[in-house]
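Before anything else, here's the structure in question.
Which chain is which? They are A, B, C, D, E and F, in the order written, and residues in each are numbered from 1.
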Amino acid sequence: MRPSGRDLSEMRAVSIETGVTKHAEGSCMIRMGDTHVLCTATLENRVPPFIKGSGLGWVTAEYGMLPRSTTSRMRREATSGKQGGRTVEIQRLIGRSLRAGVDRVALGERQITIDCDVIQADGGTRCASITGGWVALRLAVDKLMKAGDIYSDPLIEPVAAVSCGIYAGQPVLDLDYPEDSEAGVDGNFIMLGNKQLIEVQMSAEGATYSRDQMNQLLDLAEKGVGELVSAQRAAVDAA
Amino acid sequence: MRPSGRDLSEMRAVSIETGVTKHAEGSCMIRMGDTHVLCTATLENRVPPFIKGSGLGWVTAEYGMLPRSTTSRMRREATSGKQGGRTVEIQRLIGRSLRAGVDRVALGERQITIDCDVIQADGGTRCASITGGWVALRLAVDKLMKAGDIYSDPLIEPVAAVSCGIYAGQPVLDLDYPEDSEAGVDGNFIMLGNKQLIEVQMSAEGATYSRDQMNQLLDLAEKGVGELVSAQRAAVDAA
Amino acid sequence: MRPSGRDLSEMRAVSIETGVTKHAEGSCMIRMGDTHVLCTATLENRVPPFIKGSGLGWVTAEYGMLPRSTTSRMRREATSGKQGGRTVEIQRLIGRSLRAGVDRVALGERQITIDCDVIQADGGTRCASITGGWVALRLAVDKLMKAGDIYSDPLIEPVAAVSCGIYAGQPVLDLDYPEDSEAGVDGNFIMLGNKQLIEVQMSAEGATYSRDQMNQLLDLAEKGVGELVSAQRAAVDAA
Amino acid sequence: MRPSGRDLSEMRAVSIETGVTKHAEGSCMIRMGDTHVLCTATLENRVPPFIKGSGLGWVTAEYGMLPRSTTSRMRREATSGKQGGRTVEIQRLIGRSLRAGVDRVALGERQITIDCDVIQADGGTRCASITGGWVALRLAVDKLMKAGDIYSDPLIEPVAAVSCGIYAGQPVLDLDYPEDSEAGVDGNFIMLGNKQLIEVQMSAEGATYSRDQMNQLLDLAEKGVGELVSAQRAAVDAA
Amino acid sequence: MRPSGRDLSEMRAVSIETGVTKHAEGSCMIRMGDTHVLCTATLENRVPPFIKGSGLGWVTAEYGMLPRSTTSRMRREATSGKQGGRTVEIQRLIGRSLRAGVDRVALGERQITIDCDVIQADGGTRCASITGGWVALRLAVDKLMKAGDIYSDPLIEPVAAVSCGIYAGQPVLDLDYPEDSEAGVDGNFIMLGNKQLIEVQMSAEGATYSRDQMNQLLDLAEKGVGELVSAQRAAVDAA
Amino acid sequence: MRPSGRDLSEMRAVSIETGVTKHAEGSCMIRMGDTHVLCTATLENRVPPFIKGSGLGWVTAEYGMLPRSTTSRMRREATSGKQGGRTVEIQRLIGRSLRAGVDRVALGERQITIDCDVIQADGGTRCASITGGWVALRLAVDKLMKAGDIYSDPLIEPVAAVSCGIYAGQPVLDLDYPEDSEAGVDGNFIMLGNKQLIEVQMSAEGATYSRDQMNQLLDLAEKGVGELVSAQRAAVDAA
């Protein structure tokens, strides 16, 4: 029933390749099917003005799409003079989600910026950015710990995200672009590795939904996050 | 336990005053406690380019805060040269939510713009904007129907929104600013009058949350939306 | 002869309601007929860089119109990316005018920002902003004096403004929108309570004017300012 | 008493040199003492959208200052990303003033843009721009008439402008920069050749003023405009 | 003598991998040592307004760097609100250079946009963009020809670019970043496959240079372009 | 053969008039035929942040065109909200070129800004800006030396620039606008007075070029620069 032939609760093939750029303190290319996002972590010994002197660290994120990551070419945001509303919304979500898995006292007064740049898009880029962004963050933190700059691990649980939705009347896991553009309900579910919830966003895109349907999507999302966390751990261990 | 002395499941006093500006096709001032939002509806016989010729109508929204609607003065967005990320996020949410209650075929090829301007802020401005925005929309549509421009009512169910959160470890309904700034989890729940869900946004702001807690907040939200819909109906009937 | 049926030298009904927002140090809603402007005063213990360390205070103003304060909806300046020329001209005028009534030594090194936001427009919004802005300023200064932060009153005379013009060949006081859009000559007259002039701006909008006509408009303006100052005093006394 | 040694009612030396650029339809360099402004007129066979099809013509103006036209270098407006409030105010004034001397029916549906670029500034640049701008406009219109494109002269009277102010307690004509920066009252007076008034702008810059003082400045302004109109006529005749 | 140990006339290892994104009409990742640029070609059946109806085609380019493509993170241009001067200069150069190898009559009235996004930077990104950009262009044109949309090949000769400079007093081919940042003279040489020159840009960065030195750099550049054209041909043949 | 009737190696008449504005530390109007550029030098006792404390000086440049310096009016860059790509490219070139002739140690920690504003354009404005800009720079430095602020002359050799191109198949010196718009190859050549090269930029504009042709243009450029340096010296000596 799904355009890709996947089962209702089947994710796309996930791969996470680490060490893909030589300059960043942590990096990976995450591929969820045909969605490919390059995630890099930049470590700086400074924090934003509003927490200067607090002893707390900060994790923030930026998001972008290459102009031809999409079926038809998008205008480059640098030429239109600003980031669009969708971009701002997504990068705020990525930063907020990753911070939920960080002990900011343990991190100490330093900032880690996660850049998520979509090389190829086929649905689910914000979720892939969070999942891959956590791997880049993990690698940058490992570097800090190896260097003896911090002693207590500020990352207690992995953070991962997956989209679920109601497509053709059925709850499905990990929407690809053909599904996403037709789904009646579309949700993003961000969790810790232990399934505690960080953020839930569920929008009616044409049909409203019941609490029952909401719970079915949450069940699927828990399954998906479990698989993503395994992929994150494998990638980090192999790095 | 709550700073305001309210019960855990008690909303702030709600009032909706209609007909507050003489130019708009529909207008109201919604007051949820000390949060006051002026909502106006503007009707235009044109639609955005992407639906021109489709026969479908469009409902969109814009959101703003007066510079001294807040405890300390905010910079006017017109002088900073752009709408901030939070503003853009909110106005996209208002528009999307209201459209979920509109039969765009019945509306016909016209656009209604809902402007939500916060006169005084004390938490929950986006929810108040949606609830008040629907009243302005309702009044503008009533004008269209009275004029005989449309025959079938494009608004089948009211749309209302309320925030709930976990404050001091307890689930509470309708957060005011002192609660909102301390809440560990903060959610916005947008529903039709029949309790079908339009949008759920629940964010961990310091503590992650379980599915049980999520369901407790949903229960509170259903109660709040029920009361808001009564207030909407009373205001429209009295207009 | 006037669309409103007023006499040539008759002002619209003026009302000034104080204390309309709970956050601002001073606030009022001024209504001149159907023109309604919300004026707030914000007090800050800092001054602009160019007078830092001088011991002098500063009073400045910002002006905005809600998108649907007008007959047809105006584009929100925050979305067009900048304040238009008219807005900038008006807010510079408001600030300059109010400063003319301020003893900046007595105010001391602090800044008061007057925000004038037009809720409903029917002509004469800049004059209403100055007249109402002075009330907000007066209330904020009273607060400073009551708190013992300043001892000598920095506001020696009230500041008020009124428009006059030549409409259908006749000099008229306090133009409303239908008159303003047809007037051949349009002037704004800003004075102290003692009728000393602060600013005169008289523009030919279709017909040039003689010195005689200019003097007729000044006579009307003096009458109007007298009435406005009475309204200001009554509002402040009742606050 | 004046820094320049001029009498109270003495203007600076005025010169108007025409034909200073080969591309413009009309051009002049106006010099009022050390204030030098290059004025060009550009003729286009199109009008702004709001008068398209009305048969009426349009005259508009833009104003700029070269970065080092002033004592200390000003930031180039093109690099700061927008025209400042003062620039916008001035160019709106120039356009409005020149239009007051134009019969827009006789001009027909075409637009003339007057660019006023300050090469060297020593006070009074906006008045010099209007006076010189009218000469550029006159020359462009002469070209149209010689070409037989219009038959009836759309310029019935010259337009000229001069500043007057109260300096060291005395009314003085044609303020230069040292006077302008110290003046207690500063006014710009724009008139037709026949002394009918187009625009009066008089601002208290530190001291308010009486109606008597206002009239003294108007007397000076009439004298100044008379001399400027003679200079305009001489320049046009010699072109 | 070179930091990399290369001979004076030795290029970095070049690889060109085609077909790297599924959406673009042509794409490659070009790697010149540690400089990696993703090049995509987008085909559109429309041309810019200035050639509409002329029957001629257009090739244009845009250039960007991912924020962490560099040693220290660069600010994202989309957040700073505009493309910097260096970016604009480079993308104009890429477009101009590629057009020099295109028969725009044969291309017909369509546009090909080449996006060059730097994934990892180590000097020479503009030259890599041109060389890789031509491969993307070639692949997109091949697609057009295979589809029978055009019959006569609009690409007569390949276009390639290489940098040369004077480093530590010696002429060297293909500067990497450590060389580039120390070079006294820095040149970019863009040629057709037959060594006809398209663009030469040679800048003194600290020491001026003689015509003899210029000719030595041109000799190196011809050698380098020869090797690049071989790599382009191999990549296209293998695609 | 040339539209102007000049010989292939004949420059336009060059004149350099110094002391043209009273405020700038150095100024000239350079005229190359109908191309007229006003160049001013501004001296400031501060340097950009990136060299603060280094003891080195800085020379930078800005470039602009008056709206009606061209055949048809150009939009003012201040109104379009940014400097265009061409403007940025040119002003970077002017600054870079002038710095190549400056001993920044001898200049000491101060900045000189060269503003080049095109009053009338007829081709070759960037070259005229460099040649005239150097004269303004020379005059400002002379002032510093006369004042005893610096002892060792930081300007060892003059800097001058000329364009050459291939027009109607022939190499020609100093392109005017009619030639520039038709030339197949267009080059800018910037040199010290001793003919050492600072920058060469040669672009194919329709036809590629051989190394032989490149050398012919360099020969012409050397001749042109020789004549320009004589004009610079004569202007400075007469100042």
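One rule holds in what follows: a contact is a pair of C-beta atoms (placed from the backbone, for glycine too) under 8 Å apart; a residue touches a chain by one contact, two chains touch by 3 or more.
Protein names from UniProt, one per chain: A, B, C, D, E, F = Ribonuclease PH.
Values in this document were obtained by computation on a predicted structure and should not be read as measured data.
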Count of contact steps on the shortest path from subunit B to subunit C: 1
Subunit E to subunit F, fewest steps along touching chains: 1
Other chains in touch with both subunit C and subunit F: D
Farthest-lying chain, centroid of Cα atoms versus that of subunit C: E
Candidate from A-B, E-F or A-E with the same interface as B-C, over half of contact pairs in common: A-E
Interchain centroid distance [CA atoms averaged], subunit A/subunit F, Å: 51
Residue numbers of subunit D (touch at least two other chains): 82
Cyclic ordering of chains (reference subunit C, direction subunit D): C, D, F, E, A, B
Of all residues in subunit B, those that touch subunit C in their complex: 21-24, 27, 34, 38, 40, 42, 44, 62, 64, 66-71, 73, 76-79, 81-83, 87, 113, 115, 117, 119-120
Residues of subunit C defined as touching subunit D within the complex: 82, 85, 88-89, 92, 96, 100, 191-192, 196-204, 208-211, 214, 218
